[in-house]
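Okay, so chain A shows up in both of these, paired with chain B first and chain C after.
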Partner chain A sequence: MIESLASLLMVTVVLVLGPYVVAVLDRLVATPTGAMAGDVWLGPLSRAAWLLTQQANATEAPDWQAWRLSPALYLALAAVGLAVVPWSPTLIATDLVTSVVLWGSVEALATVVIFLQGWSANAVLPLIGAYRYVALGLSYILISMFVLIGVALPAESLQWTQVVTAQESLWNVIRQPLGLPLFLVVGLGLTFWGPLNLADSTDLAGGTSAEVSGPSRLAWELARAVMLVAFSAIAATAFLGGWLGPWLPGPVWVLLKTLAVLALLLWLGHRLPRVAPERCVTLMWVVLLPLSFVDLIWAGVLALWA
Partner chain B sequence: MELLTLVIILSLALGAGLLIQWLPQRHQPIPPYSQRAPFLGGGTPDTHAWNRYHIRYYPMTLLLIAFEMEMMFMYPWAVVFVEKGMMAVMEMGMFLAILSVGIVYAWREGVFRWQ
Partner chain C sequence: MAVSWLRQLAARSRVPVFPVWGWHDDALLARLALSSQVELVDSPRHASVLLVIGEIPAALRDGLRRLHDQLPAPFAAVWLRGAPIVALGAPVQIARDDQLIETLVRTHRELMLGQRESAPRLLPDEPPNPWKGLGDDGHGGEGMMGGNPYGRPMAMNMQNDLRDGLTLDSLTFRLGPFFPLLPAGLCAEVTLQGDVIQSWETRHAALPQRLDPIFHAARQHPVSIADLELARARHHLVQLYRALHLAGLEHVAHQAVSLSQRLTSSSRLDGLRRQLMRSGIFRLAAMDGVQLDGELASHLGGPAARAAGLEVDLRTNDASYQSLGFRPQYRTAGTTRARWEQWLGEIKQSLQLARQAERDNLHTANTGAVETPRGPWADERPADGSALLDEVLPGLEWDEAMTLIASLDLRAVADAPREASA
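== the complex of A and B ==
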């Protein structure tokens, strides 16, 4: 009971503080490139306050329910992702036997929710962003599944806590060297961040959120940031040994590893050029998907040999 | 208990996402129709939003479904993998090889190309 309440509190704290951490880290990472102006620590807060007080935009005949629901649903999906992250062997909100599958379903449903955001504005540019996202989503989801199955093989289980326990001798990031890089590509796709920002890109004047302003825009950006945090926490669990580590208590290790993955993703987001949408699908299916097969076979042979 | 916590977290996040939008907007008037034209980079809306847009991911979707069917087989496979040993590797290797031929065929047919 106390463990459940503690884990509930943990998820809530990450939900509230996560977006702020993402915004600050993003600004810190961007500072050398000069891409972002404004105060590092207060900038995110003043932007959030400005969005809250701004007038909300409307189009001629939007699908109102879907338009308001899609940011909330995206946030809820990210929260489900956070719920399956084990902070320690016992401090975990939802320790299902199939929690790896649950995370997989979060990734799959994200495509639906992001399409909904672009579709409900009833305007051309958001709809094109949504179409593009579906193509991207259909491409990255398989890579993610194969990489995650590779992680489940040595654990002989689809439970995140078992996946972490199986890494006691050696972390998966070393044991399956292809896994984490491929999974990071999935993370950039899932949050359409940086090089894989095809849905909300500037060449579509903001894509799926081109017509969104004010509080709804804030909700959408919050949800994206929380999804990035949830993804980083899952990556830390799957590849960096989760709570395992000397001296410090488990939850602190999970936090540190999550922050490291998050910083890496944000850095990649600023350093890599954006992939052209028409090349992205071929790249995913013809190059990255076969690489994920290699990762799976590698993981399988190693699991038998060990 | 596990599922109860999950449902609580799900509804908390969903509620928060809706409240953030509803609370500040509840007294705001909806902009008049003259202001509600879609943003088209300054252009006028001559066509419907559902105008033809040539994205041909239908064959790609079929390919995805083939792999998704394999995933259903793969989840239980991952759990008993070490127990079954080399046989499991061979089985999945054959399955993946057959599906990979599908990828090569789709690639040749230009399924992944947008034009």
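== the complex of A and C ==
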């Protein structure tokens, strides 16, 4: 009972503090080049306060319900993702036997929610952003599916706690060297961050959120940030041994590994240009999807050999 | 009434500014881009302050009014170097450039603290075209098809697909005149099929650009080649900044605009070029799609023409440049990638020329004709090239089209030079 409450508390804390950590880390990663100047620590809070004081604007005949609901749904999906992250063998909000599958469904449903955000504004640029995500989302999800089956094979289970336990002898990042790089691409796509930010991109003046202001925009940004944290925690679980590690308590290891993945994603976001949609499709289907097959075959052969 | 802690906190945020350029000014853009207190945004919905620089021609003022009303409250309009449009209530006017950042910060702060009223709306809050109420579904026509609900055509296909034969519903809309990814003033009627541009019809040309005064002075009397070449390099660096911002490479964009502001003859481009190469932008961005043919490229002149293989540069006729061993650089492909490489090559060449000329204190020998960063200016100023987009954009995906536009300098050269920044 106490552990259930503690795990729910962990999810709540990450939901509340995660966006701030993302904003600070993003500024720290960007600041050495001066690309995102301003107060690193207070900047995210003052920006959030500004968005809270700003009017949530209207467009001409939007789908109000869907427009208001989509940030909340994206946030809810991120919360579901966080709920299946095991912070220790017992500290986990929902230790489903199919938690790996549940995470896969989060990735699939994100496509619907992101489309909803762009479509419901009833404006041109958000609509293009929405369609773009739908066009590309399938390729991210397919790669993710093969990579996740790869990490489930040595565990002989679709449960994240078993996936972590199976890494006691060797972390998946070493056992399946293609897995983590491929999964990071999925993460950038799922959260439409940095080089794979094609839904909310500069060429669409903000894409699905081009017409959003005030608290609605803040909610959308918070949801994106929490999804980034949730993805990083899942990546740490799937490839970096989750709670496994010497000296420190398990939850601290999960936290440190999550922060490391998060920092890497944010760094990639600042160092790589946005990939052109047409090249992105080619890259996904011609290069990365076959690589994910190779990753799966590799994982299967190792599992048989073991 | 006591100001809430939320508003106190909001007043400390960076000022989100949506700039509208009546008179474009590279130095001012650089100042805004480099300020730690200001954030330039791409959507009016994301701004707290609408900054209008220079006079807005009468033909574009309706567009400005519509843009003005898109900013969410509380917001303010700040006017620099131009008079506010008549109907605007309580505008903020700035006389000197050096007051700009301070005024933007103060205005934002006053808005947040409730010390300044939000700017009033200029237009009635109603659809631009009334709802027709005709047809089975109120779509303005008969049966399932036809009609112009809200004055706009239905999103239904009337044209064949240009790309792969997969016909989708087409969507027609007006873009501009202050869409941040287009040159200011450029307005077009665009039809998309999916994200492929089916047609692009330019309805209003880009506003002319005001060049550095040295290019105007060079037509009157000999000027220092070092100063002329540094001004040219600055111009190309700001162009590069815009293209890099569009590509999502903010840190390299920041580096480019920062270099433009501290540029001297001893500056080096190597760091910036290295960052660009490492980022993989030439492989990841859509830069190889469309080739500008010789005719279109010669119409634009300048780096765009040289990137398409035309060895045209008025500097070759100047005895002082000849004494420096000047030979114009050129590429052959005429693609977006070639124009980026041309910019980088010409910036490096300008820095080399500036170093050599500074050593010998060389001045231009020819007057009356000058090679501006936009193209040759002999008898006539470089003319607007906006209409060229009607030919080159159909068939391109949106991202590729925007990347292509950012690689072209389409604006005509104005008869007056840029004002010296205070």
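Just so we're on the same page, the second predicted complex is superposed on the first by the 306 of 306 C-alpha atoms of A that agree within 3 Å, B and C clash if a C-alpha of one lies under 4 Å from a C-alpha of the other, contacts with A are read in each partner's own complex, and residues count from 1 in each chain.
Here, contacts are C-beta pairs under 8 Å (C-beta built on N, C-alpha and C of every residue); 3 or more make two chains touch, one makes a residue touch a chain.
A quick note: this is a predicted structure, and the numbers were derived from the prediction, not measured.
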item: Simultaneous placement of chain C and chain B on chain A, clash or fit; value: clash
item: Partner chain in contact with A:A152 - chain B first, chain C second, else both or neither; value: first
item: Contacts of A:L259 with chain B and chain C, given as first, second, both or neither; value: neither
item: Touching partner for A:L96 - first (chain B), second (chain C), both, neither; value: first
item: Touched partner set for A:P195, first chain B, second chain C, both or neither; value: second
item: Which superposed partner A:L302 touches (first chain B, second chain C, both, neither); value: neither
item: Contacts of A:A6 with chain B and chain C, given as first, second, both or neither; value: neither
item: Which superposed partner A:L28 touches (first chain B, second chain C, both, neither); value: neither
item: Touching partner for A:L291 - first (chain B), second (chain C), both, neither; value: neither
item: Chain C versus chain B, contacts on chain A by residue; value: B
item: Partner chain in contact with A:V112 - chain B first, chain C second, else both or neither; value: neither
item: Single chain B stretch clashing with chain C - from 37-45, 73-81 or 91-99; value: 37-45
item: Common interface positions of chain A, toward chain B and toward chain C; value: 52-53, 55-57, 60, 124, 127-128, 131-132, 205, 210-211, 214, 277-278
item: Complex contact set, residues of chain B against chain A; value: 1-3, 5-6, 8-10, 12-18, 20-25, 28, 30-31, 33, 35-41, 45, 47, 49-51, 53, 55, 57, 60-61, 63-64, 67, 71, 74-75, 78-83, 85-86, 88-89, 92-93, 96, 100, 103, 106-107, 112-115
item: Chain C residues touching chain A - in the complex, by the definition given at the top; value: 6-7, 9-14, 16, 34-37, 39, 42-43, 45-46, 48, 70, 72-74, 112, 127, 150, 171, 173, 179-181, 192, 194-195, 245-251, 253-255, 258, 278-281, 284-286, 397-400, 402-403
item: Contact footprint of chain B on chain A as seen in their complex; value: 4, 7-8, 11-12, 15, 52-53, 55-60, 68-69, 71-76, 78-80, 82-83, 93-96, 98, 101, 121-125, 127-128, 131-132, 134-135, 138-139, 141-142, 145, 149, 152-154, 156-158, 205, 210-211, 214-216, 218-219, 222-223, 226, 277-278, 281-282, 285-286, 289-290, 293, 296-297, 300-301, 303-304
item: Chain C contact footprint on chain A (complex, rising order); value: 30, 33-39, 42-43, 45-47, 49-50, 52-57, 60-61, 124, 127-128, 131-132, 194-195, 197-198, 201-206, 210-214, 217, 270-279
